[in-house]
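After this come two complexes, each holding chain A, first together with chain B and then together with chain C.
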Partner chain A sequence: MKKMGLIQLFRRNRKLLWAGFLALILIFVITFPLYGGPYNVTVLTYVLLYVVLAVSWAMFSGTTGYMSLAPAAFVGLGIYSMAILQRQLPFPVIIVVGGLVSFAFALLIGLVTLRLRGIYFAIFTFGLVIFLSELIQYLETTIRGAHGWAIIPMSYTMLLYTALGLAVVTVLAIYFLRRSRYGLAMLSIGGNEEAAAHMGINTTMVKVLGFAISSMFMGIAGVLLAPELIYINTNIAFSTIYSFMPILMAVFGGMGTLYGPVVGAVVFAYLETMIRNEFPRYFLPGFGITLVVVILFLPTGIAGLMPVLRERLGRLRAKLWKGGQAEQHANT
Partner chain B sequence: MPILEGQGVTKYFGGLAAVSNVDFHVDQGEIVGLIGPNGAGKTTLFNLISAALPVNSGEIKFKGERLNGLKPHQICRMGVSRTFQETKVFSNMSVLQNVLVGAFFGTPTRVSGAAAASEATQALGFVGLSAMSATPIKDLTLVNQKRVEVARALATKPELLLLDELMAGLNPAEVSEAMELVTRIRDKGITILMVEHVMRAIMGICGRIIVLHHGEKIAEGTCNEISCNKTVIDIYLGEETRAGS
Partner chain C sequence: MSFWAACPCVTQRAQQQVSIMIERVPQLIVTGILQGGIYGLLAMGLTLQYGVCRVLNITHGEFVMLGGVLTYTLGINLGINPLVSAAITGPIMFVIGFLLHITLFRALKARSPAQPVFEGSALLVAFGIMYVILYIAQIGWGGLRLPTTWLAVKVVFGGMTLFLNQIVAFAVCVVLGVAVYLFLSRSRLGRAIRATAEDPATAGLMGVNINIILAFCFGLGALLAGVAGPLSAMITNPSTSIGFQNTVIALIVVTLGGLGSVPGSFVAGIIIGIVSMLVIGLWQPILTVPVYYGILMILLLVRPTGLLGKR
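And then the complex of A and B:
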């Protein structure tokens, strides 16, 4: 009886429980530097930044269906903003600059390329990463005469808290965006772009703005990522792994929900750092296999699995409940 | 005064004149039928009016305003809404969300969330799908998806509604229901231009008919005039006109 009471309590106060759960996570992250140790704090920062990347990627590509392979371009812009400005400007200002640079660049790119559809858009965005990387390398060597930058290390606790702040802001912003009319417009573009235009949606504007907003978060994540890298050059800053990991995480977690990409990011970012250190050779093949398995057997991701699990659990509970009743009858 | 007017409307696909120098007009409160053999340019003309395609020459006016050069979303906000020959629903949404899109974005002024919700619910009720509002649209039959398209178009509060083969693929009972629906829409004060192959529907509800063939307008007139027109019979209707049936 008591168990049933708990379940009902959970059903009735779902929002409250969610809030409690989130508060617990917040407390965990905030207190983590007290007992976690420097290495683990860095790992946690890394996880939070990947949450930002995965959630903002899914916010645009998951809803509109425009598969962007450009996250690495914006992460790279963020990292380079940090590298170039770290000695000139205070950290908070660099964060703003990194976000604005990515936003403006995405706006420009979006206006030109978002008329491309499907695979062409994906290929273009991938080319963009390589183009930016080459361009910056060229500028670096011609103007500065040197390749690569050393990044001044920063307090890892401060980085963790900044990353936490960014993750919270990103998730909240995207939560409200998804529920707004703007989110509905992006979803309708994913559903049928032509019909969306004929229903009064300025599809170009919605797409370009959505792309720019998601890129802005990625740029800021890049700024925060830079200090952990210690030394950067174009190959490190524009590493394609920053494009593929967020997609993998979002697909693994499920793009249809907000928490899907978050779960995917937490699982994969943690696994990535762990496996990289313990078994560096098996890291990439492991990812490849996981992605294939997820796409084959869980096309809607972990989030898509939830309703199924809930239903199974419900059936199991009903069965146990009946069994319990029968037992009671037998006893009396 | 005509609500919609076209003069010398022309559209080329490469060297082919899909719509060639067509003059037409639709008066306020009318139901006008647009008929013709496959490939006559009916849907192309719809695409020109709703700005899915730009015209090569000629001009289209809605309530006296030129539509040339406008984007589809602007046309919709001016009060011209449409449905599609092959249904184009938002496959990743519920029925109600589909209609909500129209209610939110289809009007020139900003609509509040509550107003959009009530408009969408009303539009769904009007086409008789209230019971299915929470259903994913993918689970609906073709007939019902077409109805959702109508509701979605109505939610944009149009003055002119373009219906592209609403009755294609419907059985006779469903055709009758659709005819009744179209008449009810007209009675709300919405002018209708409809492309249709089902002659029973055309002859039953249209006040006037425009006939296209190879991109050219070959006839225009009341149902009686069209069903007796020699050219139209030769090209499209065939000897035994089923207009009366």
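And then the complex of A and C:
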């Protein structure tokens, strides 16, 4: 009976409990540098940045169904803005610039490809990483005459707080975006684009803006990722891992929801940093197989599993109750 | 020279450079056509897989890479030359492709509520498989370039120096391309494939075993990639990291030729081959992909259906 009371309590104060839970997480992250040690703080920063990447990928591709295969291109743009501008401008300005560069580039790509069917968008974004990396390599050799940039390391506590701020801003922005007209428009494009267009939604504009906004967050995440790399060149900055991991995380967590990608990012970013040193060769094939298996057997991800589990649990409880009553009936 | 006399601002040295460049153009174009045969073969496989199975197979380049590195292994262990190993890797890739479709993509198709959903999730599945194949190959073969070039004999033909291996590879590509085209347009199975591409449900009602046809097509696409691997390994040494670039080239060629059009992709392959050789020879090798992207961007703005695609 006491257990039932607890469930009732959860039900009644769900919002309050969520707020408390989030506040606890925030406090945990903020106080983490006091007892975590430098390495763990770096890992936590990494996790937060992957949360940003996964959430912003799912914001566009998960809702509209237009699969962007190029988060790495925007991350790389962010990393390069940091590398080039670090000695000239203060850090907050670089964050803004990195975001704007990615935003503008995504706007350009979107205007070219998003008028067309999704398959052209996928084709175009797939090679974007290699396009940008080769173009920048060419510009580097002709203008500067040298490859690669050294990046001045930054205080890891400051990076953690900036990453936390970015993650909070991203999640909040996407939370409100999903509830706004634009979010609904993107969702309806994912459902049936023709119908959405007939309802009076300017589908191209919505898609282009959504893509640009999600790319902006990826670019900023790239700016924050740069100081931990210490040295970068085009191969390091435009590594396809930054495309693969956010997609894996978002799919694992559930593309259609907000909290799914967050869960996926926390799980896989942590897993990656833990496994990377022990199985340097086997963890990536393992992650690839995970992606395939999740799409096949769990297309809605962990988030899709939740309602099923809840229902199962409810049915089990009802069965137990009813079972008891039925026995009584049988006895009488 | 009268042309140069009109503009005195151009220095003597620049004039010489330009005339050397112009002399190299026919040579580059012929080399480009020969290289384009392989691109065409590659793209034919991809376009077949997308046009019939509706899977944009971004694993395609990894199959090429597997063909290349297997050529190295076969050459080292059994002393087989790349042409013979193309006849071995092709069927191996066919089996892999067939099994992939009949297990993964068929299950995915059965679970997807609508066509766009299937295309999206098939894309992500292919994306996952790409990484699996890439990193497993890196465990097996490492990251270095493997020596496989064969028949690197110079042939002087009409003032141009070509290599015998380029000519042989191009001949094989043309023969295979024509064979696939004839197979699709003339044979009974080819007619079944075209019917499936057009309307799977009706084709099924007419007695076509759709699941087998789709898997067969996917396997055929993989076979073409598996043949293109050894052929390109004959000309340049393969490494485990060439897959991504090959996929990008194949995707751009397919878009240029028109998604789903088999002859279109072969023609577009030759065009892209010429463009790539001109960029490499006259400008900068590193700029090939940016130039492809320029072409792709203009194409998507002007005529997204490609050269020979249907409206």
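One rule holds in what follows: the second predicted complex is superposed on the first by the 314 of 332 C-alpha atoms of A that agree within 3 Å, B and C clash if a C-alpha of one lies under 4 Å from a C-alpha of the other, contacts with A are read in each partner's own complex, and residues count from 1 in each chain.
We take it that contacts are C-beta pairs under 8 Å (C-beta built on N, C-alpha and C of every residue); 3 or more make two chains touch, one makes a residue touch a chain.
All figures in this text were calculated on a predicted structure; none of them were measured in a lab.
Student: So in the superposed three-chain picture, is A:184 touching just chain B, just chain C, both, or none of them (first/second/both/neither)?
Tutor: So A:184 only meets chain B here.
Student: In the overlaid three-chain picture, which partner chain does A:118 touch, first (chain B) or second (chain C), both, or neither?
Tutor: Touch status of A:118: second partner only.
Student: Taking the superposition as given, does A:299 touch the first partner, chain B, the second, chain C, both, or neither?
Tutor: Only chain C; A:299 stays clear of chain B.
Student: Tell me which partner A:198 touches in the superposition: chain B (first), chain C (second), both or neither.
Tutor: first
Student: Applying the touch criterion given at the start, work out whether A:46 contacts chain B, chain C, both or neither, answering first, second, both or neither.
Tutor: neither
Student: Which chain, chain B or chain C, ends up touching more residues of chain A in the combined arrangement?
Tutor: The larger set of chain A residues in touch belongs to C.
Student: Per the definitions at the top, what is the overlap between the chain A residues touching chain B and those touching chain C?
Tutor: Residues common to the chain A contacts of chain C and of chain B do not exist here, since the sets are disjoint.
Student: Under the touch definition given earlier, write down the residues of chain C that touch chain A in their complex.
Tutor: Within the complex, chain C touches chain A at residues 50, 56, 58, 104, 107-108, 111, 116-117, 119-121, 123-125, 127-132, 135-136, 138-139, 244-245, 247-248, 251-252, 254-255, 259, 284, 286-290, 292-293, 296-297, 300-301, 304.
Student: Of all residues in chain A, which touch chain C in the complex?
Tutor: For chain A paired with chain C, touching residues are 65, 67, 69, 112-113, 116, 118-120, 122-124, 126-127, 130-131, 134-135, 137-138, 141, 240, 244, 247-248, 251, 281-282, 284-285, 287-292, 295-296, 299.
Student: Going by the contact rule set out above, which residues of chain A touch chain B in the complex?
Tutor: Chain A reaches chain B through residues 181, 184-185, 187-188, 190-192, 194-203.
Student: Okay, in this complex, where on chain B does chain A touch?
Tutor: 50, 52, 71-73, 75-77, 81-82, 84, 88-93, 97-98, 100-102, 104-107, 113, 116, 152-153, 156
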